[in-house]
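In what comes next, chain A is part of two complexes: it sits with chain B in the first one and with chain C in the second one.
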Partner chain A sequence: MGELAQYLVTGVGLGCAYALTGSGLVVIYRVTRVVNFAQGSFAVLGALTVTTLLAAGLPHGVAEGLGVLLAGLVGVLVGVVATGKPGTTPQAGLIVTLGLGVFAYAVEIFFWGDQPRSFPGLPGAVGGIQTHYLLIIGVTAVVLGATALLFARTDLGRALTATAADPYAARAVGIDVVRMGLFAFAVGGALGGLAGVLITPVQQVSFDSDVALVVSGFSAAILGNLTRPGLTLVGGLLLGVVQALVGGYLSTAYQSEVALIFMLVVLIARAGRRDLVEAA
Partner chain B sequence: MKWAYAVAAVGALVLPVVLAPGQLTVFILLGLSAMAVVGLSLLMGYAGQVSLGQAAFTALGAYTSGLLSLHHAPPLLALVAAPVAAALAAVVVGVPILRLRGHQLAFATLALQILLLSVLSGAQWAGGAVGLQGLPYLSVGGFELDQDLDYAYLVVGGVLLVSLIAHRLVHSRVGRGLRALATGEMAAEASGVPVGAYRLLVFAVSAAFAGLAGGIYCFFLGYLAPGSFPVLLSIEYVVMAVVGGLGSIAGALLGAALITVVVQLLTSLATQPGMPSYAPSVLSYAVYALLLIAVVLFVPKGIVPTLRRSL
Partner chain C sequence: MIEARDLVVRYGAATALDGVSVSVRAGEMVALIGANGAGKTTLVNTVCGILRPAAGELRTSGRLALVPEGRHLFGPLTVDDNLRLGAWRDRKNRDTGHIYQLLPELVPLRKQVAGRLSGGQQQMVALGRALMGRPDVLVIDEMSLGLAPRVVENLAGHLRQRHAEGLAVLLIEQNARLALDLCSRAYVLEAGRVVAEGPSAELAGSTEVATAYLGLES
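Moving on to the complex of A and B:
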């Protein structure tokens, strides 16, 4: 029983990282219609920055906070390049973010080299479970809760939702649609950065970890068709737990394939109903 | 534009003789990329689909040739089996995944490639993560292709074959149907274009081109590993196709040549004494990224179609 509980907590912890990455994709996609392929790069950049800040002697907490902040700023930059030029279609935006993800490789190798890195998280264990996983779960709950409040209860959040629903009408009532898009990229970047900062103590990060992260995030978000934050959280947790169970009881070799197969199944199952979805 | 083709043809015939051995390897790899990119460009330009998994078909072709020739199949048969296997695989996965659009297909193809790589690195029969080693040279009726020069001309032939097939396809009934499909799927379908079948055909043809490139690659290098076909290779193909111009055969060839040459120049610059060890990878990633972004934003049709219109 202890073993099962351990796998469950580990899985939920991993799932939180997927849910955060996926939520970043959702926030950006809803407002700008761009599927941000560079979403995994935010996590890698954030995490690598924290390794440097910690090495420079900054205390825990401050370093992590700055890493997330940097990821948010990078998010704005990605947004400017991917959506700033008038007339850029979301399809072109996807290719541009793909390019930016590759550009991030150049930056990351330049500053941090190509070897995997990590930093210590919250030490200790409670009942055989690393305390750090509990930290991941707690922080994710607070942050996703706050994000939901931001969207539901503030004027800024309503403006973002309005832009997502109908950019033209939003502009007509005086909402700066481009600015809202950039704000969405900032939030998406920070969520991605947070995922990286939280997961790195339990899972090393290197410059090319971004592909696995963005694929897992996308798999989580696809359950809600990239537009529903609640289903993204469910998808992320589901993936994390199934991965942990597969890794624990079957073989760690098949762990990362779980997300991929899950994604393909959801996509293909949904494609049958695509015409209905598009018409709606 | 005629003179451009003439220059390219003369270049392709003369270059292998005058290039230094190291440069000849680059020439061969360029040609192999070009074959895969012609296919990808057809797929992206005519079927309007982003595929981030084209290198999976290169890998399939290479492993097909490699496994067959390790099990003592005649090398020529092993080479021919490469595009066939890749096309068959494309038909099998194409039926479900070609119902997806845009970013969904992009992620689905990416997922398939990662899955294939992890199956290959876990499979005993495929040599696992170490891959296949000690593969024989290609030989045809007692004549063994054991010089780089042989492979250079084989690749030139391969590029020519692939380009001709693509050209025929584009200028056939299928090609016209596909063009109609690209401008308006609903209208094309209403006019009786078998949308699904044509899309599957382009997917299979594009996979076959990549598979043939993989087959030649396997005989040229003599060893294969899952790491030879990373996700980044698929992204490189996309960069080459987009930069040259989607849907344009000449664009695919130019894109492959341009990117390979620029990256090669920068790599030789970056490996000069005194340059830091990370310089080659940093520079090549930066070049892929910046060229891709600049072309998508400022030359959205790609170089060749844009030039063609302004000439």
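Moving on to the complex of A and C:
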């Protein structure tokens, strides 16, 4: 398999992790209007938990599933602290999630230390492509497809969209908007956890890996204005591929800058469009 | 159905309702009229459990549904999805078929996104969404606001029909003429207090009430 193809597959795999992280941000933002800066911590917590569970002898699959479940539960906890008190504004919620993300460092260092960790993924290769990358792509496709179906085809998904669209009317028809917000945090936490669990076998994770993930996930989500999952997926894949190409042909030192530049370009482009609208 | 006594509702230091008493009995159609800022929507939100009174007594019985001021539809969802969510509390009765029979104007709109409908169409969807919960009492906040007279008449016709079938209605309106025409009894709210109440015909005939509070010519 050629060098370029290798970079592309690696990039798509990496992009899937960004898309999952970004989709978690989107689900939470759509329902609660909170930009969750603790999103990267879900990935790190999920991944580090799996390293411990595997070391304790749990089989693959079960350990990863429990890691994702724990991330979902931590998501609910973050949601309770950030949005549970009636009258908490999304801006206050954002600052709370930022604080909780920093607090997560202390918890992670306490339990797992400050050294990077990893665990083995799916072994082998198909046509020169590492099988684990195919697993990342396949699982991401299934999970994001299921999330899209949840929102489009179920009453729970409609209620989540309704809560995001008009919390007052949602309350008037009997929807518990706080509970909907917590459910969104649970889904966001699980998506973040899944990103961490999937990526760790090909990229070591440590307590501060959340920054790179959340910056890339946020860059992906901002392409869809933090509300459109489809564009978040496109943004994540694009970012992953560009990062892989930059890392492969230039230097891995520039990879993290790619996400920041991507985010800046999208934000500046959007700001320009808003100015045009306002001017009109 | 609805029995509110001496309700007091405050927003911080400001008193929005100051000892308000209103009642709606089974099968009754009652109007609550008053100018902007009189406290009508605060009363609606209190009756519907969205606001908590600082003092007073509130008793409701039967199923209560709200058509809020400004429609408040779920814009990104279709008309049919909006209707389904009207029965959110009643998981087993989310079939929207009976609403299309009651409000046939909604049939061609069922797959359309609610946020792109006209004001009149949106008000019809809001009414359908409220009826989805098969309520015993319907609270409608500013039904006619911003709508053409022909649309208002159509909505009023539907309301009369539902009322004839036994639905109790609390109609909150700035359009006093419409409210008094539709309802048998009315309350007049001003600055958070009930300043007049009684049979609609009596209120409409009272020169003092009509000129001071209802904007009607004597």
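Convention: the second predicted complex is superposed on the first by the 273 of 280 C-alpha atoms of A that agree within 3 Å, B and C clash if a C-alpha of one lies under 4 Å from a C-alpha of the other, contacts with A are read in each partner's own complex, and residues count from 1 in each chain.
Throughout what follows, a contact is a pair of C-beta atoms (placed from the backbone, for glycine too) under 8 Å apart; a residue touches a chain by one contact, two chains touch by 3 or more.
This structure is a prediction, so every number in the text was calculated from the model and none was measured.
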| item | value |
| --- | --- |
| Partners on chain A (chain B, chain C) - clash or fit | fit |
| First (chain B), second (chain C), both or neither touched by A:Ala244 | neither |
| First, second, both or neither for A:Ala162, with chain B first and chain C second | second |
| First (chain B), second (chain C), both or neither touched by A:Ile175 | second |
| Partner chain(s) touched by A:Leu260 [first = chain B, second = chain C, both, neither] | first |
| First, second, both or neither for A:Gly113, with chain B first and chain C second | first |
| Chain touching more of chain A, residue-wise (chain B, chain C) | B |
| Chain B versus chain C as contact partner of A:Thr88, first or second or both or neither | first |
| Gap in Å between nearest CA atoms once chain C and chain B share a frame through chain A | 17 |
| Parts of chain B lying in touch with chain A, wherever the complex brings them together | 50, 52, 96-97, 99-104, 106-108, 110-112, 114-115, 118, 122, 231-232, 235, 238-239, 242, 278, 281-283, 285-286, 288-290, 292-293, 296-297, 300 |
| Interface residues, chain A side, partner chain B - complex | 35, 37, 81, 85, 88, 91-92, 94-96, 98-103, 105-106, 109-110, 113-114, 208, 211, 215, 218, 222, 253, 256-257, 260-261, 263-264, 267-268, 271-272, 274 |
| In the complex with chain A, residue positions of chain C that touch it | 48, 50, 66, 68, 72-77, 81, 84-86, 88-89, 91, 94, 129, 133 |
| Complex contacts: residues of chain A adjacent to chain C | 155, 158-159, 161-162, 165-166, 168-175 |
